[in-house]
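Next up: some structures, all given as structure tokens.
Okay, so chain A shows up in both of these, paired with chain B first and chain C after.
Right after this comes the complex of A and B.
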């Protein structure tokens, strides 16, 4: 069968698409609350002129959460002309709507307003922008931030999505295949993170950080006939990530991770990230690479899958012994016992 | 699940379509896939001299059934095994009686970890039952 078949199955199991049932439910929740926020914004004098979904769904790099909730990043755009000077004002309006609906845990965070729907395991972030021509500004600031700590900060949400989906740097002939491999690698690494890190640390190994690193350092791999070789691509890409400039060994054995957004505001995605996060990410990526090299050297598919299962969790299935389980016949240790059956 | 034509022929032949016909029965033998989700019914036994049979009940007593199972096992390199029982019912769409269900439970207990199935041959329909979530349910035809 080849190891790629197992990667393909794994990918099918983890990938999150618009059609995934649990995600659809999350979207319904999102739609209903979005309507209310929009109506409040209108009443407050800064109507929403555009809204869109940000994040991994738009870049085809979403995965099903293991134990966490579905995340929806809902961007709301107001016009620069009507936008209040204080970026926290519309965030407070959004918060009021959420609180009125009984979400005790709704909260204003620095870049967004966040709400958690326990009943549906849905986590929605409202990200508020103002738009002036083609330029976007993100509403940054917490509930009680003073003037120095709040601002309309230049941002480029569409530019980021475009950058991630861009395939113009790949050879024209196989650009589509390379882009698809890039997306699969991002999904593999995101699931690997969810499996290998504690929940608290995993939450700090930001998906967008992983995505940017893979995009920048991608080494695609196909056979001469053009067949996918995700294992080889993953090894080479992780290797390239480790060799790039993301990890800074500030003290012996202690790493700081830095990944800059490729678009405005070009900030460090891991800004404020601890040694612990950087060091864990570096060491675990290194181990991942070593284990993958080990897998590549093995010829027994089942043994390969066992290691991959340990790295990526149970969605990477280990096939039952003896080849093709569906058509090959099982061998038994005994014939079976005929009981003195009766019937009527 | 796949049933050999030969086996289906035996079942059709033993249907209780006349008013006086006795119940027929036997054991199922065949092979399974490695994951045990696919099973192939390849041979069956039919009533033997030391079995008890009447129109409404039977008792599988002849040691010949177990012998047939051993032979199958030996000749198939350990792949052909006992896979359950079959018997006829004098009704168009056969339903398992309480006695049937109790008996099938006994068969399963004697052959743990084996994917046993139980076949009821009615006058119009042949139904295959498996135990799922603690109940015997008919398999749907594909």
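Right after this comes the complex of A and C.
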């Protein structure tokens, strides 16, 4: 059957898309809150001129959370001319709406306003921008931040999405397949992070950081016939990430991770990140690569899946022992007729 | 070309050399075996081959290998190499001459100073020396066609040259000898037809003789008789028995065809005994004189399998192999030709179709075969072209050949029908019935973009389905993942309705496709390829582009044309991971 089929199954299980049922429910929540926030913004004199979903849903790299809630990144854009000087002001307006709806755990974080819906396992981040022409500025600051710690910081939310979704660097004819492999690899690594790190550390191994590293260092892999080889691609890509300049060994065995945003404000995604986060990420990536190489060398599919299950969690299923699944293994084509240019 | 410059460059080698005859000739002297040896060379108008020197006679050196004498002297043209395998520096002829003289001196010195080497080399070129005895290359050249493997002594049947030979047909102009058991061998139909064997009278008594040892060929006709009587004493025991039997039969002429070992293998030659009156084969020079016998040396042109197949680039190891080829379309017919050329001895071909004029330009058959069953016509063509083969025509389609009792008799089954649907059904049959015969499928794609062959060897990794795993869905696809044109495109051309649809491809594409398939088949049959394998050739996509056809990822990245690769695909659900 081949290990790729198991990767495919794993991917199907972890993939979060617009059609995912639990996500749809989260979107319904998001829609209802968004409507109310927009109304309040309008009343406050800085109407929302645009809103969009950003984050992994937009870049097709979202995964279903294991124990955490669904994550929706909702961007709200107000016009520069109507935007208050204090970037925390509209964030407070959003917070008021959330609190009025009875969500006591809603709070203002530095880049966003966040709210949890425990009953639905939904977590929405409102990210507020002001727009001046084509330029965007992110509302940065906590509830009580003084002037030094709050600002409208230059940002490029659309540029980031565009950069992640960009396939112009790949061979034109292969671009679609390579981009799809990139997205699968990001999903694998995000699930690997959720399984391999404690919840606290996992929260600091930012998805956008993993995404940028994979995007930069992607080594795609396909068979000569064009079949995807995610295992080989993952091995080579992780290897390339480890060989790149993201990890700085500031002290023996202690690493600092630095990944810069490819768009404005081009800041270090892991700015302020601890040695512990960098070191764990480095060591665990290294181990991941070693285990994947081990998997590649094995010929027994079940043994391969056992290792992958240990790396990626139970969504990477281990098939039953040989002989139990012979009949279900037959994979017939779903096409009825396909034309081909052959003769003899 | 400056003769002065050449002379100076030869002088640099340390040999005496000078120009004569107004600078048109050069003479070189060097020492070997304690005496001075003289070479001469007349400059040609234009240097087009290796400069060749003559060994000047009168040295008393005896017979030397690689010196082509006229039989009456010890001098002659020295042969230092074959023109076709040497590249001569015509821009700097003085260097070519320097190297040539160096080679001549090296060779002659060794031949003169090492008699054992000289003898061995004379034996190696026995055939050339024997040919000199047989006369110059004219219509009078004494040549005998022989069909004898040289493996054991036996009686032969010799037929006279044809009374009215077709011009240019050597088989009819020369006498021809077949071992008795070959006279009706169906594998020699082409020889008998070509020679018009049945209409030609028998010519004397004949026997094939094996010698266990050989002396270098006699230098002149005058040396022939003592040389001959010395040679027959070295016949093996069976040959001596055959000769004794021959001595008891009176005749006006006898043919003795000899096989003898030489350093590189074996050589064949013949002697024809003739007298106006009848008598027993002479056993001594006295009997020769008494019976007024004349002995004439004949050069043997062998039509034996053991010499024809390897000399023609085929493999003797394949002559015992049996192949079933299903599909005698353009690729199949070309493939049949190539398999036979490679030496495959037994070929069964199956196809129910007849040849039509539309097939002609890319088919191995010709216009005279229109309307004939392709298999019958092809079997005829093959049998006419190649002696020693057995071709059997069948008229079955692939699906009708699903019979283990039939299939298991072959060493290899080759399918060239270009129908993945029928091939899929057949592959599944072979898998379920555990047919142990290896199967090769081959096909080409339209628009000159490429062709493919896959070999499935049971009990090895890789199966027919491996070549059909859909790279997108990783399921059992309906079209091969080897293909270079993307599936689901309008690829057929149509001249005048549904019945006239055809896939455009050229005879060149047919040739390439047949060649990669034949190569894979031959390598398998010879034991060089033992595992399930695949091979493709990749052509230009220009024609496909003009037809607005898309190519596959495999096409874009493929750089392994003609390379035999493992067939196994990790994603095949039948082969396992």
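In this text, the second predicted complex is superposed on the first by the 324 of 344 C-alpha atoms of A that agree within 3 Å, B and C clash if a C-alpha of one lies under 4 Å from a C-alpha of the other, contacts with A are read in each partner's own complex, and residues count from 1 in each chain.
Just so we're on the same page, contacts are C-beta pairs under 8 Å (C-beta built on N, C-alpha and C of every residue); 3 or more make two chains touch, one makes a residue touch a chain.
Treat the numbers as computed from the prediction; the structure is a model and nothing was measured.
Asker: Comparing chain C with chain B, which touches more residues belonging to chain A?
Answerer: Result: the larger residue contact count on chain A belongs to C.
Asker: After superposition on the shared chain, which partner residues are touched by A:174: those of chain B (first), chain C (second), both, or neither?
Answerer: After superposing on A, A:174 lies in contact with chain C but is clear of chain B.
Asker: Looking at the overlay, what does A:331 touch: chain B (first), chain C (second), both, or neither?
Answerer: Once the two structures are laid over each other on A, A:331 reaches both partners.
Asker: Tell me the contact category for A:301 with respect to chain B and chain C: first, second, both or neither.
Answerer: second
Asker: Once the structures are superposed on A, label A:341 by its partner contacts, choosing first (chain B), second (chain C), both or neither.
Answerer: both
Asker: Check whether A:320 is in contact with chain B, with chain C, with both or with neither, and answer first, second, both or neither.
Answerer: first
Asker: Give one of first, second, both or neither to describe whether A:225 is in contact with chain B, with chain C, with both, or with none.
Answerer: After superposition on chain A, A:225 lies in contact with chain C alone.
Asker: On the A-aligned overlay, A:19 touches which partner chain: chain B = first, chain C = second, or both, or neither?
Answerer: neither
Asker: Could you give the residue numbers on chain A that contact chain B in one complex and chain C in the other?
Answerer: After superposing on chain A, chain A residues 329-335, 337-344 contact both chain B and chain C.
Asker: For the complex, give me every residue of chain A touching chain C.
Answerer: 1-5, 8, 171, 173-174, 177, 222-228, 299-301, 304, 329-335, 337-344
Asker: Which positions of chain B touch chain A when the two form their complex?
Answerer: Residues 23, 25, 27, 31-38, 56-61, 65-66, 69-70, 72-74, 77-79, 81-83, 85, 87, 97, 99-100, 103, 106-107, 110-111, 114.
Asker: Using the touch definition up top, name the residues of chain C that touch chain A in the complex.
Answerer: Going by the criterion above, the answer is residues 327, 329-332, 416-418, 420, 442-447, 449, 469-483, 485, 487-491, 503, 505, 513, 549, 552-554, 556-558, 560, 565, 569-574, 576-577.
Asker: What part of chain A is in contact with chain B in the complex they form?
Answerer: 320-344
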